[in-house]
Amino acid sequence: MPRDELGVLSEIKRSTILRQIKSQKRNDGRDLNTFRPITVQTGFVTKAPGSAMVQIGKTRVLAGVKIEEGEPFPDTPNQGVLTTNVELLPMAFPTFESGPPNENAIELARVVDRGIRESKMIDLKGLVIEPAKKVWIVFIDIDVLDFDGNLIDACSLASVAALKTAIVPGSTIGQKDFQLPITCTPVSVTFVDIDGTLVPDPDLEEEQVSGARITVTTSEDGKLRAMQKGSVGSLSMDQIKGAISMSFNLGKELREKYLR
Amino acid sequence: MILVGTESDIKLFNEDGTRIDGRTVEELRPIKIETDVLNRADGSAMIEWGGNKIMVAVYGPREAYPKHTQDINRAIVKARYNMAAFSVDERKRPGPDRRSMEISKVISEALTSSIMVEKFPRAQIDVTIEVLQADAGTRIAGLTAASVAIAAAGIPMRDFVVGCTAGKVDGHIVLDLCKEEDNFGQADLPVAVLAKSGKVVLMQMDGDLSEDEFNQATDMIMRATKRINQLQREALTTKYSEAIAGGE
Amino acid sequence: MPRDELGVLSEIKRSTILRQIKSQKRNDGRDLNTFRPITVQTGFVTKAPGSAMVQIGKTRVLAGVKIEEGEPFPDTPNQGVLTTNVELLPMAFPTFESGPPNENAIELARVVDRGIRESKMIDLKGLVIEPAKKVWIVFIDIDVLDFDGNLIDACSLASVAALKTAIVPGSTIGQKDFQLPITCTPVSVTFVDIDGTLVPDPDLEEEQVSGARITVTTSEDGKLRAMQKGSVGSLSMDQIKGAISMSFNLGKELREKYLR
Amino acid sequence: MILVGTESDIKLFNEDGTRIDGRTVEELRPIKIETDVLNRADGSAMIEWGGNKIMVAVYGPREAYPKHTQDINRAIVKARYNMAAFSVDERKRPGPDRRSMEISKVISEALTSSIMVEKFPRAQIDVTIEVLQADAGTRIAGLTAASVAIAAAGIPMRDFVVGCTAGKVDGHIVLDLCKEEDNFGQADLPVAVLAKSGKVVLMQMDGDLSEDEFNQATDMIMRATKRINQLQREALTTKYSEAIAGGE
Amino acid sequence: MILVGTESDIKLFNEDGTRIDGRTVEELRPIKIETDVLNRADGSAMIEWGGNKIMVAVYGPREAYPKHTQDINRAIVKARYNMAAFSVDERKRPGPDRRSMEISKVISEALTSSIMVEKFPRAQIDVTIEVLQADAGTRIAGLTAASVAIAAAGIPMRDFVVGCTAGKVDGHIVLDLCKEEDNFGQADLPVAVLAKSGKVVLMQMDGDLSEDEFNQATDMIMRATKRINQLQREALTTKYSEAIAGGE
Amino acid sequence: MPRDELGVLSEIKRSTILRQIKSQKRNDGRDLNTFRPITVQTGFVTKAPGSAMVQIGKTRVLAGVKIEEGEPFPDTPNQGVLTTNVELLPMAFPTFESGPPNENAIELARVVDRGIRESKMIDLKGLVIEPAKKVWIVFIDIDVLDFDGNLIDACSLASVAALKTAIVPGSTIGQKDFQLPITCTPVSVTFVDIDGTLVPDPDLEEEQVSGARITVTTSEDGKLRAMQKGSVGSLSMDQIKGAISMSFNLGKELREKYLR
């Protein structure tokens, strides 16, 4: 029994999805350029300095932030450290297995990480305790609990929401607790190509019929911060430019609704 | 909350006979069980027990894989107990450690004892227990929720598995240890039983107990499991159950 | 060829064992509540600070104790460190494989460890060299050489016997060698449930026909120190109470005969 | 060369409009591609691109192994990008890390998009990309060479995959970042396309770009890939191709 | 005993021509071999050689697993040499390291050369060598005992494998290095041969030897292996053999 | 599909090789006691302190040397550290797989390492920065790029050539760069037994028909420095002595031609 595939869609389901896209409708009836319903619950893990449970449609993830003392990297002695890890729990899908992160989990974590890191969302220079010796290390860990497509945006949204509420536990080293220094709010928007049409926030069935995937992470100052083309398949430069401009719009919407 | 100090500094028992968190000796922390909390899983449950938040998903019965693990006479039950990296005070490195491997093993054995595994030769039943927030007693809370999730998945069971912990704190036998009692107490006794028969399917003990104290502790546990099993049953019929005041 | 099972007993053998138990006899002819013949040979590994070769029936294990300088755990700066590891060598049984410890080896090591740790057999506070910086680390390593059931008690007995003879090599850091500080002598007794009857010290064939297992570790002051219920199957509270009181008796006997 | 200093100290752009290594904004570093450099592999290529030296070997199509990885409709392409321990300034521990696993994945996907995988059901095509010396832009250089090695192996392709990087340095959009520009620049945009259609099969971006800057950067890349594809084709016909002056 | 000091400080050779432990140049340490020391194994042996204590168990021939490792023409011999954590001065972390993997490989090859592997197609013979106490020369002692355990398991052999070490110490060629000679000597030459033919099945050397010294060392080894093979044979017939005085 | 075997030779090829050996010729037409054509290109990796690309016939390997600051081993506080690692890249042969080094790669690396270490080619005492605290660590890493037999000699030759050109980067710690201190030039020569005849530098087909293998590493002062008998099969002491004396001759030839 092959364990590493996400199942195969019936031909009927497949052609239904394609037919709907042609008539500007999505698999679940929503309009072409909209996300599924979203809920964001921060502070779910009360004992962690920051956390957020996020649902996008039937996809559910929980991001937790831990902030601990540690050593800086030798080449950035005046900066705190950020690390991002995603666990595709066997709970979330019948064929997910326990074990070290596979290439899907690693790509996912790295794309989420790049959006946060490259937007300079966290002012890492504000996390130095003693230069070159002690800094704050920010651990973002994300549990994927329920999988129905578009993990990148769910994990990204959960991480950013968790970070925005996170407290640095200065009191553990005889200083004051303080809000994690945040400079901006990056939002990622992921599209897949279904038969020539790029649609955002695919559910799993849409991912199964789609070709190329592209993620665009933007910040509120109108800048592109990170991109990742994924999956087999190609995209025209025009499609990509369309995705970029749509990302600014959807990013703004998500930022205002869920990341205040 | 982190208590700083040495064992002897810490008073876990108040002069009025109450405990550090104000409970009486035989009072449970608040417990809340909810079922069908996940979409993909064949069965699922979420338990909140004191500060514990634990999610359980069940997949199966399905063909056991890899093939050489199949038992031609019965289903194998594979529970995987895991703590999220952010669930504990100090960030936990992802992946199994020796503690979680032992707990996964005893939980698997306890659940197997309650499921009609002989109905599903060559099959496997996967139970994932994810501790999202840990606050003492996670193995018992996870196991108690797992039994609900298995029922929610429609897997035929002989009986519920239901558990509770007792322990010794400042010389007193108390029910359902909280974090500080767990860290600085003198004994810890997690027990899980089959609800109807009261037969023990999980028991671990460490610390220091006389035979009398053991009997006192297990009596408390047996009484508590009856109440907790009630919550399990309600959660299944109403999808949600809650006991805020744990005392009788 | 499945490698992870311990073989299956013939139906005839199985029913013989059950019949004998009914008539108060064990598989190998001994009485219900007795151990198989035991030998304990301390000092087997002359170069180790402590060691003991133990045979219980045809089960044989060798425990070696090493004591080395190291750092204490941050949360116990004023205590030495104890670690216990068991290797189920491929030598000991046809289906044992080399590789990292599996869940059986880990449970075994942790049950043995708990008996020693929770009885406070070793006075870990007597193993501090420099508080918070340097302590003695006590490594118990157990090689399982020949497997015929009841590994917990064999490993436990070997560990306790090895520790009781162990010398802390103070001379390596310019101090004096000294006897490892021992406060009590924990003994574990393991029972299995065969058709409703709990019997101690099962051999492998008995383990193969049995249901639940329970281990009770006691110290000479009449205290329970550690317990572990294992294997599929359930036990009534009365059975467990019976096991506890039998454990005190058998523990006393073993302590006096083999752990003087 | 290692630059010591902080970001702000380092001037990456000269007053005469040239870059730290003397190139103009749209000038490529020298590129050299050679095919059939190995004896065992079914196809192979070596690329030198600036200071990068990368060797690629291709085996297959051959039966996919282990069997459960087989796709009954097409061949699977398994690229493995690896940096030799001695290829970078500080010795790299052998074995895959998270970065190389991600790069292997996006390269595999890019190559799959270019190969007629449907002609080889149940097969696998292995592509080993070994970075012998690294000097910025290794993923794109390795992927560009891999496409040549696949052609050299006689595996039917829809089109070549050809790539180039652009980026932002001291506020200027420039082509084909060198090491210092990569380390201290403001944005990095590696792109690979199918040569004929110009459709994108790999794109990653990090840093900070406006939409205008993005368009400027991708225009440069599209022009560059035409020249580089020319080198790919020449390398296949003559077993060797070289472009010392990369400018147009 | 641990010798502290630098190489030059340590005198390994006495003025009366004896060695640090009192032996003459061609004197073996005491050797004791016992068979059938384990109950489960198909064959077993224990060797004590100087301070070495090594136990060997043999299982097989049995079907090779996993299947793709099977050789349709002969049995494969898988020896696993392992040092117990407590066998050496500083506690060894459990599990294979590079040294033990190399030793396991050369021992497997040496034993294969002595066994009638062609009689057991598709089979495997497992040989576990566990060093319980190490005192120089463990690979040779383990291999010598393994050949006895294989015979005790009733596996048909062409010949015994028997070995001994020689080395150079303070400029002298000596037989059967002890721990201090091994640590501070100038050369180490472990050799194992087929007992009857004297043909070499294992040889490793490191240090510094002239051709003459090599010849002198191998002559000593060849003489010693005859005596040691005698012990192997006696151990099999009487289950026990011992040579306290190793000299001739 | 078994992945760990190096393929099987046809019976015809096999008997051809054996027939040719009888008439004193090799598989590829060369004389019995000669190496295949060799090329050595040092300085291939210009950014590494030392490197050498070596081809022996169709076998190709690349050795790179890195030299970094680090800590000495506790038992050799006054010596630098040498480590040797070989990667059998999947690039080099159809059945080589990625992953941690298997027993073949480990034996290979250890035999190459012993030749260098035991000949004291590198004066490790000249690599101390601060006794017991800081020394230079010499990393030899070897990529096997193309495999057609006799990896030991190819890797050994590449390592020695790379070391002889290597520069210690003293300038990175405020001192001067200096030539790695070299005391001698060890050369390994590997033979295989084909039907009773020992021949040096086997190609892969010869390795497939051969029995025992023996490697002899010598230095220019006429000393044996390391030996390794490998593979299933046995060798007479006379064969070994023949291999030794041939190794001195061939070693001298290789040293003069390729390691000046």
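By written order: A, B, C, D, E and F. Residues from 1 in each chain.
Note that in this section a residue touches a chain if its C-beta (ideal position, glycine included) is under 8 Å from a C-beta of that chain, and two chains touch if they have at least 3 such contacts.
Computed from a prediction, not measured in an experiment: that's the story for all the values here.
Trainee: Tell me the fewest steps from subunit A to subunit C, where a step is a jump to a chain it touches.
Mentor: The fewest touching-chain steps linking subunit A to subunit C number 2.
Trainee: Please find the path from subunit A to subunit F through touching chains that uses the fewest steps, and give that number.
Mentor: Contact-graph shortest path, subunit A to subunit F, evaluates to 2.
Trainee: When the C-alpha atoms of subunit D and subunit F are each averaged to a single point, how far apart are the two points in Å?
Mentor: The separation of the two C-alpha centroids amounts to 32 Å.
Trainee: Centroid of subunit D to centroid of subunit E, CA atoms only: how many Å?
Mentor: That gives a centre separation of 52 Å.
Trainee: Could you state the distance in Å from the CA-based centre of subunit B to that of subunit F?
Mentor: Computed from C-alpha means, the inter-chain centre distance equals 58 Å.
Trainee: Return the residues of subunit F touching two or more other chains; collapse runs of consecutive numbers into ranges.
Mentor: In subunit F, 1, 3 touch at least two other chains.
Trainee: Can you give me the ring order of the chains, beginning with subunit E and going next to subunit F?
Mentor: From subunit E, continuing first to subunit F, the chains appear as E, F, D, A, B, C.
Trainee: Touching subunit E in the complex: which residues of subunit F?
Mentor: Contact set of subunit F toward subunit E: 1-4, 101, 103-104, 106-107, 109-110, 114, 117-119, 212, 214, 222-237, 240-241, 244-245.
Trainee: Can you list the residues on subunit E that touch subunit C in the complex?
Mentor: My answer: residues 38-41, 44, 51, 53, 55-57, 59, 62-63, 65, 80, 82, 84-91, 94-96, 126, 128, 130, 132-133, 135.
Trainee: Touching subunit A in the complex: which residues of subunit D?
Mentor: Of all residues in subunit D, those touching subunit A are 68-69, 98-99, 101-102, 104-106, 109, 112-113, 189, 193-194, 197-211, 214-215, 218, 222.
Trainee: Quick one: in the complex, what on subunit C touches subunit E?
Mentor: Going by the criterion above, the answer is residues 1, 3, 44-48, 51, 58, 60, 62, 64-66, 68, 85, 87, 89-94, 98, 100, 139, 141, 143, 145-148.
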